[in-house]
Amino acid sequence: MNPNSNRGFASDNNAGIHPLMIDAINRANQGHVIAYGDDIYTKRAIETIKENFGESISVFFVLTGTGANVLGLSSLTRPFNAVICANTAHINTDECGAPEKFTNCKLISVDSPDGKLTPESVKPFLHGFGFEHHVQAKVISISQPTEMGTVYTPDEVRSLSQLAREYNMYLHMDGARLANAAVHLKMGFKEFTSDAGVDVLSFGGTKNGMLFGESVIFFNPRLSEDFKYYRKQSMQLVSKMRYISAQFESYLNNKLWHTNASHANNMARLLQKKVSGLPHITITQNVEANAVFAVIPARVIRALQEKYFFYIWDENKNEVRWMTSFDTTPEDISGFVDYLKKLLT
Amino acid sequence: MNPNSNRGFASDNNAGIHPLMIDAINRANQGHVIAYGDDIYTKRAIETIKENFGESISVFFVLTGTGANVLGLSSLTRPFNAVICANTAHINTDECGAPEKFTNCKLISVDSPDGKLTPESVKPFLHGFGFEHHVQAKVISISQPTEMGTVYTPDEVRSLSQLAREYNMYLHMDGARLANAAVHLKMGFKEFTSDAGVDVLSFGGTKNGMLFGESVIFFNPRLSEDFKYYRKQSMQLVSKMRYISAQFESYLNNKLWHTNASHANNMARLLQKKVSGLPHITITQNVEANAVFAVIPARVIRALQEKYFFYIWDENKNEVRWMTSFDTTPEDISGFVDYLKKLLT
Amino acid sequence: MNPNSNRGFASDNNAGIHPLMIDAINRANQGHVIAYGDDIYTKRAIETIKENFGESISVFFVLTGTGANVLGLSSLTRPFNAVICANTAHINTDECGAPEKFTNCKLISVDSPDGKLTPESVKPFLHGFGFEHHVQAKVISISQPTEMGTVYTPDEVRSLSQLAREYNMYLHMDGARLANAAVHLKMGFKEFTSDAGVDVLSFGGTKNGMLFGESVIFFNPRLSEDFKYYRKQSMQLVSKMRYISAQFESYLNNKLWHTNASHANNMARLLQKKVSGLPHITITQNVEANAVFAVIPARVIRALQEKYFFYIWDENKNEVRWMTSFDTTPEDISGFVDYLKKLLT
Amino acid sequence: MNPNSNRGFASDNNAGIHPLMIDAINRANQGHVIAYGDDIYTKRAIETIKENFGESISVFFVLTGTGANVLGLSSLTRPFNAVICANTAHINTDECGAPEKFTNCKLISVDSPDGKLTPESVKPFLHGFGFEHHVQAKVISISQPTEMGTVYTPDEVRSLSQLAREYNMYLHMDGARLANAAVHLKMGFKEFTSDAGVDVLSFGGTKNGMLFGESVIFFNPRLSEDFKYYRKQSMQLVSKMRYISAQFESYLNNKLWHTNASHANNMARLLQKKVSGLPHITITQNVEANAVFAVIPARVIRALQEKYFFYIWDENKNEVRWMTSFDTTPEDISGFVDYLKKLLT
């Protein structure tokens, strides 16, 4: 793909690194430290995460969002288990089968127009327990915000964690964009993760201004007993870990997560506001985080993609996804919407 | 482990990032580019690698050295194959079973005091072809330099690639420290890789001054047809790839690989020179790259580790490994040797 | 479960072994033969299968139906591929995740009320080709007869094999009860397998009177090049293979497949006929093979299960499955229907 | 291979089925029983096994010896673990990588001229515990009798189980030919399995007169909690289980295990006796079970194999393996030795 502007709306990971993160890397670039995480930067970063998520947790840094999800699920499952997720879940559609490859579990996908699971939509899949011909459902996995840009309320999360507990299962949360959810909910992280019964969380930074760096947080440390082996065996143990750790520490202590996610969410709202009055356009999802989903005429999609890079979400429906990021400017949006208007007339 | 100096000789990845690499990251930090490698920095980095390794190759960036090795092996094997390697090989001893987990292959380890394989040591393991009860040997995997700090000559590599070809097998090279081998051999990379018959190469940068970044090079591009899927499924596809690519481009174009590896190798020689006359110390391997192996009295090991961090290689023999890095200073070595002398007396 | 009659309608593998199969085993029990299939019985059985399925095929015997399916799929896929199947498919619901565990592929399940796939129902899942974030769809897998007791016509099979070819995919057929389909279609096996474009077939015998024994048939032998290694590595290579082979030879040469399947199908029709007029009972699927699906009142299910063993197919709908087998008698059915009538009044 | 006599010395699974086993199958062939093991034959067979191995065990039937070994190991390990075994172990050399494929563990092989492990030979491999870069050794696996035809005494077993316990590991025993060991030791099974500290045992019957059938015995039932799922997911759950169960019941209750193994062992002694005086022949292992290992001139091997089928164990040493079985006759041996004598002169 080769649109002639490189400031598109394809994904928040098309953006670069926030200067504060470069600073953090530079500051950590002093002398020798033990590789693989036995260093002071990692120790401090974990302390900082505990301040934000609770003291009795265990925290591990990994390299990619897919790695965070797969490793969290590995710790919760055996190969004969199943993971229940929305059909739109990143683990189901965008990880090239990594969850199946690494955990050997079956993913059971639940139809969900807004990207959310509910106890009602999950329950029909909770059967066959103890029957050896069936995979044994063990995890409910949700994304916060969802891949459709919607955000679970703490009560919605809680209803799923209660269901999980009832069936001796776990609740996993993919929080690659967790900051965008927190900003929307106007809450700290705890209220809708540990306080709402999440067992294991992928807490990402790459999509919100870091160079790289994701973390896996266990709210029940007992579940993480074998994590360090799973991490190394899955090739997710970073050698010079201090440079992920230093970013996370600064990301939280400087509230960069909030600044960046607020901005990205606001830009999505602005985009929504500007396009919602236009003819032949239907916004298809509530804009709660930093994504806007819209149905627009096929010929407009094609023309628009010549200039801007973004993904077609559903070819059959002519539905597209526009993502904003921490460095999207109001001018980016004006330029985009002006061009779109021209194409629509 | 908590030695009271943080400038130890444990590993070259305890060192930090070379300033040129930070510069490269900063220069790439401009605006948006498409994530996952469809960007100009990656294109240029691949071109640069081709200038150094040959035009008709295919190149992929990954996140870790273990990832580079495992993904290269995945592309060459089916689950019923076997990979033959030295018993000291990184894939055999230091990757927590990642090769077995991801490729499902058996690793057949060959005893090797100096870390090298030879046709003579490999041949006894080349049997059972076509017999379904046996794993089918498909890859000979060597490390250059070896984990014992020794370096294969091009002829030594060639003798193994010829053996591989004779048996319809492939030759894989783990080049996590390839620059250190090239400097020792006083050669460009091609002479002892593609020209010597290597099929797939892990070419690393992290241990020689990069923040992170490894690459997998296929000298026969047909072998890499499915690589992009293996990379994503193994969680080794980096989102903001430009920051690995930019480092590789600068690493090669600025000859940083040579500067850094020369320095590290020289520091190892210096260390060797300074300790080789000392009483109760035996250097156990030829010092050809940036590692020094030595047998020293157990009580000295213990005392030395209180101040300096390094690994005991073989507890039974009281053999230790000291690694130098691009930022080891002559003062580091003097300090270390002085302290060692004191302990020896 | 402990119903007080042991002649139930749970599954055709609750029946025993047909006397002809015991005879075949006895006849093969002469002296020594080379284990693992290099024997005259296996040679002859393969010849017999070729007479029935075509000369240019390759044939392998395995131990279980799950083994046959998983090994066929293994030969067609790499770990990053996907297999498309009906949501009711045996590979999707009754093999405890064996396909995912052994092939590492994702199974994509398609809703199908009658157990069949159609080009229209499959097409929406054929996307993301070449996109490394997506699993790459490679196989369409169908069951003949389906798990709902319906039978594909040769044209229906052909429409799916054409779709598969169009997308560079393969068509796999689970024929654990293939004989029941052939009898219903009044055809030989070729017409609706190789002639209709099936690439790989699981051809089973256990559910139709054998002691044990399943086979995997490749209509394109090139696809089976590595099969023998996959079979051994997946623990499906039987030591005393002659006793499976001898059964298959007799099963085909004595037309036992036809005798047994005809009988089982007829018994299913009889059961259908006898219950279809009863109050509060709805037959929910066409009875084409040896299964009858019916919705009956919940209290009747419970009472019936006290005396007869059978499975509840869908608890939410009160739908049950009754299977007949080669040794079901008209008296079994009369007794069952009489008892059912009593419960319904 | 096509030797012109089919009564060779290749393997005990080249023999057929003992008539008592056919009888057992016939007797179980009455009416319907629930498939997959919920039947009276399986219940009785498990009771019979408990009478022989101890009451507080759990027992599962599987299809193949490889299946029994791999499933036992699966229950004891996680993917980052290692299994320590003799280099000659069946799991290491004859299962085409099934253990690695299914458990994902590394197999660490220990050189052993007589097929046995000892605490002294195992200890050097017990290191790296808690270090995430290393696989974590979790199981010591031994074969009884060994693949070299030697038999562990109860004390030898005990010394390994104590070592295992010391390191928080388990002791696994491959007893594909357990009866041959018991006969040699003149003991019941308990004395050298549960009483000697074995945790999990593969107890086979196929090599001693059964049609098919192996079992996995857990002396600590807690370790088998997930076994039924592993068995189904690994395609080792037999549909018509009663026919394995019925064989095992008769095998034990009629002491067929003893009759058959005694005979096979005696025939091996007879063979040993007859060849041990011959020129140019060296018996290389103690003949304790039903195997004879011998070094003989290469030209004699070739000539002998034209008439008799057997395996060359070590091509470099001209070492061959001759196995006897429950149906080997003294005439088989006379004929073989006479022919051998002729070739030697």
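Read from first to last, the chains carry the letters A, B, C and D; within each, the first residue is number 1.
Just so it is clear, a contact is a pair of C-beta atoms (placed from the backbone, for glycine too) under 8 Å apart; a residue touches a chain by one contact, two chains touch by 3 or more.
Computed from a predicted structure; not experimentally measured.
Chain centres were defined as the mean of their Cα atoms; on that basis the chain farthest from chain D turns out to be A. Annotation: C-D is the more contact-rich of the chain pairs C-D and A-C, by number of C-beta pairs in contact. In whole angstrom, the spacing between the mean C-alpha positions of chain B and chain C is 50. Look at where the CA atoms of chain C average out and do the same for chain D: the two points lie 33 Å apart. Rounded to whole angstrom, the centroid-to-centroid distance between chain A and chain C, based on C-alpha atoms, equals 41 Å.
Within chain D, the positions touching two or more other chains are listed as 79-80, 95-97, 101, 132-133, 229, 232-233, 237. Residue ranges on chain B touching chain D, taken from their complex, read 79-82, 93-97, 100-101, 104-107, 124, 127, 132-135, 315-316.
The touching residues of chain A, counted against chain D in their complex, run 36, 78-80, 132-133, 136, 226, 228-233, 237. Touching chain A in their complex are the following residues of chain B: 1, 6-8, 10-11, 13-17, 22, 25-26, 28-35, 38, 63-67, 70, 95-98, 101-102, 206-207, 211-212, 229, 232-240, 243, 309, 325, 327.
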